[in-house]
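Common to both upcoming complexes is subunit A, partnered first by subunit B, then by subunit C.
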Partner chain A sequence: MILSIAWKNIWRNKVRSLILIGTIAFALAGTIFIIGMMDGWMKDRNIKVIETELAHIQIHNPDFVSNLSLRDTISSGQKIISQIMKMDFTMAVNGRIKVMAMVSSSYSSQGALVIGIDPDRKHEVTKVYKYLSDSTSKWLDQVKRQNVVIIGRKMAKDLQMVNYMITDASLSTLADMGLPLSIISKLDSLQGKKFHTTTRFYNALEKLLTEKELDQYADLIANSCHSYKLGRKIIIRMQDINGNVVEEAFRIIGVYDTDNDLFDGMYLFVKKPYLAGLLGLSHGTINEIAIITNDQRKVEEYKATLKQKFPGLLIESIFDMDPTMRIMTSLIWIYYAIFEAFILFALSFGIVNTMLMAVMERTKELGMLMAIGMNRRRVFSMIMNESVLLTLTGGIIGIILGYLLVLYTGHAGINLSKYAQQGMEAMGYSAVIYPHASPLLLAETTVLVVITGMLAAVYPAIKALKLKPAQALHTDV
Partner chain B sequence: MAVIEVKKLHKIYKTGEVEVHAVRGIDLQIEQGEFTAIVGPSGSGKTTLLNLIGGLDEPTEGRVIIDGTDITQLKDNQLIDFRLWNIGFVFQAYNLIPVLTAKENIEFIMHLQGKNKEERERRALELLQEVGLADRANSRPSQLSGGQQQRIAVARALASKPKFVLADEPTANLDSVATTNLLELMEQLNREENMTFVFATHDSRVIEKAHRIIRIEDGQVVNDEKVK
Partner chain C sequence: MKRVMLILLTVVFTLQALAQDATEIARRAYLKMEGQSQYAQMTMQVQRPRWSRTVKFKFASKGTDYALVLITASAKEQGQTFLMIKNQMWMYNPRVNSLIKIGPSMMSQGWMGSDYSNDELMNEGSIVKDYTHKILGSEKIQGRACWKIELTPKPGKNIVWGKQILWIEKKDYLILKSELYDEDGYLVKTQIASDIKNMHGRIIPTKFTIIPEEEPENKTILTIVDIKFNVNIPNSFFTIQNMRRGMNINFNF
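Presenting the complex of A and B:
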């Protein structure tokens, strides 16, 4: 009955309650959305790091990490892999050859990390094939030829393995992305012309656009009208097992794009058996084992099990290899909670104010209730219930609104490439964000809303408890 | 044994430096079944005396003994509980919870007593019948006239099965028809159920109906007589 009275009391001053409910709802919808954006961003990065680069756990010869020497292989690698495969937590496990190299095109050269992987994607931990940039790109298992390579978008650009041509289709894409018509009309004169290097294309743009326009739109234009020079060859130069320099021409069959410039500019993927042959490694030799487990949150536990089983090897979890991942997966929740707590703290002033008004204007009624026998615990509980119900109503509406917003944008994506593509990708984050709100976030928000409602009720409730029935009944409000 | 016994009761209010001696050593006894009016001019101390008897205020000195219990010795929470089980109240205004219906208002006090839903509903309907407002069971206070609200307040006061009912100026906001109806109801409850009523009033219509009139002036009883 107290709960029912509390709920009915909220609606005694509809306008006041609705204003507060609206404020709470909008603030929380915004909070859920912003956290959803960050969470989506982190999740995307987390998945990409696991799928393309680190997996959950990596195993190396302890000496390999310091000097990346081909001599520091994992002895009995295949035997270890088959043992790991039998472990309960293993979802996928794979051996790789990782070697430093110089990569050259006819335009430029740079350092790179060559990864020799199982050509068959079904057996491979690396899921880079999911990030192939377009339909013309092929994966290693789609080509019979052995000396083929998959490179990253950034490396393709750096090695000038990109053509640029403005077409009707690219102009309409640019228009859809919000490029001003004045710029599109300037680009008309370049239609149909093919540029074989990035430098030449940017030089052509420089002649047409102002400095400000270039700063703002050049990358967007370049990204919309490029195509990769698939089929062209690059030279990969490495040291073999004996320290001799070997070089080989590899044909580019695919370009991947993980939105991480650091990764895309450094890693290239080739067929493991062919690479082993080039480097003079015996069949089955590997210097890296990558493992995907059934639960990322338990990787430290799994690492300990592996350490016990293979004491002579260096076993690292994703959190050891990339400490930012620990922040993303566990500490980020503390950040979210602090962020929400600040928003709710600000809202609590409004709730306290509303509840205080509700108590003050009901002084006589509270006096009457205490006079007839409503004890302090019940009065406290009634005011507490009112505050929690009021806050929770706004909170639930806000959480639902925020969640719907996250669902919609999570499906459609929020494209920030117009504003900050280069900066974000240089840091390893995608410029397109797909917000994501986990049930844990929604539950955490609901709990914080209830706590806020309770804390905000304490001061007004204490005020009410201090009332003396005889005086309260004769107060003029 | 007297249901209400007041011994050497004093109440002094302090407003800054000024002391107001609202009740000055009152002694009185009220027996079960009395229909008593405490009367006197404004500021004479009748409401203060009623509040002290009802345990709504603490005396500066003296004792209030209700059915053998000295309520001046009770702690705050014990006093609230004592009021819930032993005393019915009817105030001048703000008697009812605006968000509840007439029936729910009557049920509320029984809810505080921990009575079950079935018993609460049965008793509330009985009382509504008794005060002649069974057809307004589902009306909110704002949908009732002043007289009807006071009748519901009487029903609410009786719902807890108290030892007596204290009514502070219950007719102050009522017209003469409503006043007559309310007084007739209380008289009938006094007659048929032997319910003790104590009024603080200066309404001549209430005084006319009272069986005993205790006149107070300057915080002291100046006259106490049984008239019926």
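Presenting the complex of A and C:
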């Protein structure tokens, strides 16, 4: 009864109510979208970190982490792996060989971490093959040859293993990405010319573009027209198990790109059995075990279980290895909540204002209702209901709008590379964002909207309760 | 038929002889700068578009396993020493009295800011053993008649270069110019040797200029002030105790 009166009351002043509903709807759609964007961004990074670098849990010899020496292997590693495989939370487990190395091309040399992994992608925890940069790149299991290597985009660039050539196709891609036409026409003169090093290409760009244009677009242009020098040789130099330097030429068969310069510039992947042979390790020797579990939120529990079972080993969860992951998965929700609270707090002023107006202009009517016997509790609940219904209508429309926006952009992706590719990838975040909104977020928002509606109605309702029926009846509105 | 065979055989033998000649030339050139042990005093100038710096150092080595370097200038780096024993390398800084073992990741940094990396200093692939050699012709460099020789890495050798072209002086077998190419046949860097002098009986170039093709303004110039080959250096010279003496290390051999 009260509810339907409240609903009817809302529509007595359509324009005023619609304005408020619209305000709430837009504010909430924006909030959901922005949070969805952040969440999608974090999720993308989280998945990449798990799939390419850390997995959920890693196991090492305790001495390995401090000196990264090849001697600190995991003894009876294969036995431990088969034991872990039997545990019910294990989705995938694998042993690897990780070793510090020096890589050189004709142009430069740099330090690197060589990871020897199972060539067969079915058995591997590492899913770097998902991030191969283009269709010409191959994964380790597609090549019979043993001395082959997969390197990252950043390293390919540093070792000058990239060719550049501007073509019609790359120009039209750039145009699609929103590069100004003035710049595209400047690039026209470079069409068809091949540049075999990054330095050369950037020098050519420098001659054509202004400094500001270079800052903003050089990397974008470079990324649209590069091709990797697959099949070329790099020399990898490492210390073997006896401390002797071994060096070997590897052919680049693939280049991966995880949008993380730190990772892409450091890690390279080779076939485990071949690496073990080079380093003089006996068959099956490993110095790292990586595990993917069935639930990321429970990794700390699983870690404790593993610690009990294998007391002599160093067992670390993804949160130990990369503390930012902890921030992303748990603390970020507090951030979202604060963000939403601020938006709703700002909105509540509007709601209070509207409800106050509604109460004021109905002083006479409220006085009448009270005079004919409607008790105070009912008056209070009527105003409360009005406010909650008003807020909730706006809220639900906003949440639906925001969710649709997230669904659409989450499918299409938001490409920010035009603005900030370099900066973001240096920090390890992709420049293309795929927003994502979890049901939890939507539920949380709905609850917060109801609470806001209720709190905002308290003051107007109290105001209404303070009315004296006799006086109220005599007011002229 | 017999004649044809004869001609063919002659051609084959001549070609082989030519190839051996090229290898022999490379070997002699290599031996010019090679000794059982050596002591040298050098200046290295690193030129960049916005700055340049000069480092002076003394250097002693024995075989391929032992080497010790002492920086004598600039004032800021004076007294720093580097010791190499077999595959290991240490760095000592007297100002903070710190001894650091150089790990693989630090090896990649250019040595004292030059185009030489620590890595390159330690791993000089032999121009004789790891390559096949071919004479391309004769050319004059700095007014001296030179063999122009192409070096192609032998298959399976761990060489980053696609090929090298060396200009080796005909009379004294001095490498006056070398060009290093990548696998696609693009020039990567050029080294030019000049200022030929007699150093304690050996006639050698004493100034080496390295010019990277991509950034020709980033030159590195290495000048040999003094060099002695096959000097008698005791093994006790290449120790951490000795490297800690810094400027007091005795280089009189």
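Criterion: the second predicted complex is superposed on the first by the 477 of 477 C-alpha atoms of A that agree within 3 Å, B and C clash if a C-alpha of one lies under 4 Å from a C-alpha of the other, contacts with A are read in each partner's own complex, and residues count from 1 in each chain.
What we mean here is this: contacts are C-beta pairs under 8 Å (C-beta built on N, C-alpha and C of every residue); 3 or more make two chains touch, one makes a residue touch a chain.
Values in this document were obtained by computation on a predicted structure and should not be read as measured data.
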Contacts of A:H196 with subunit B and subunit C, given as first, second, both or neither: second
Which of subunit B and subunit C A:I235 touches, first, second, both or neither: second
First (subunit B), second (subunit C), both or neither touched by A:S104: second
Subunit B versus subunit C as contact partner of A:E248, first or second or both or neither: second
First, second, both or neither for A:E365, with subunit B first and subunit C second: first
First (subunit B), second (subunit C), both or neither touched by A:R378: first
Which of subunit B and subunit C A:K298 touches, first, second, both or neither: neither
Interfacial residue positions of subunit C with respect to subunit A in the complex: 87-88, 103-108, 117, 119-120, 123, 156-162, 180-184, 186, 188, 214-215
Contact set on subunit B toward subunit A in their complex: 47, 51, 54, 56-57, 76-77, 80-81, 83-85, 89, 91, 93-95, 97-100, 104, 107-109, 111-113, 156-157, 160
Subunit B-facing residues of subunit A, complex: 1, 5, 8-9, 11-12, 364-365, 367-376, 378, 468-470, 473-474
Interface residues, subunit A side, partner subunit C - complex: 100-102, 104-107, 109-111, 160, 196-197, 199-200, 229, 232-235, 237-239, 243-245, 247-249
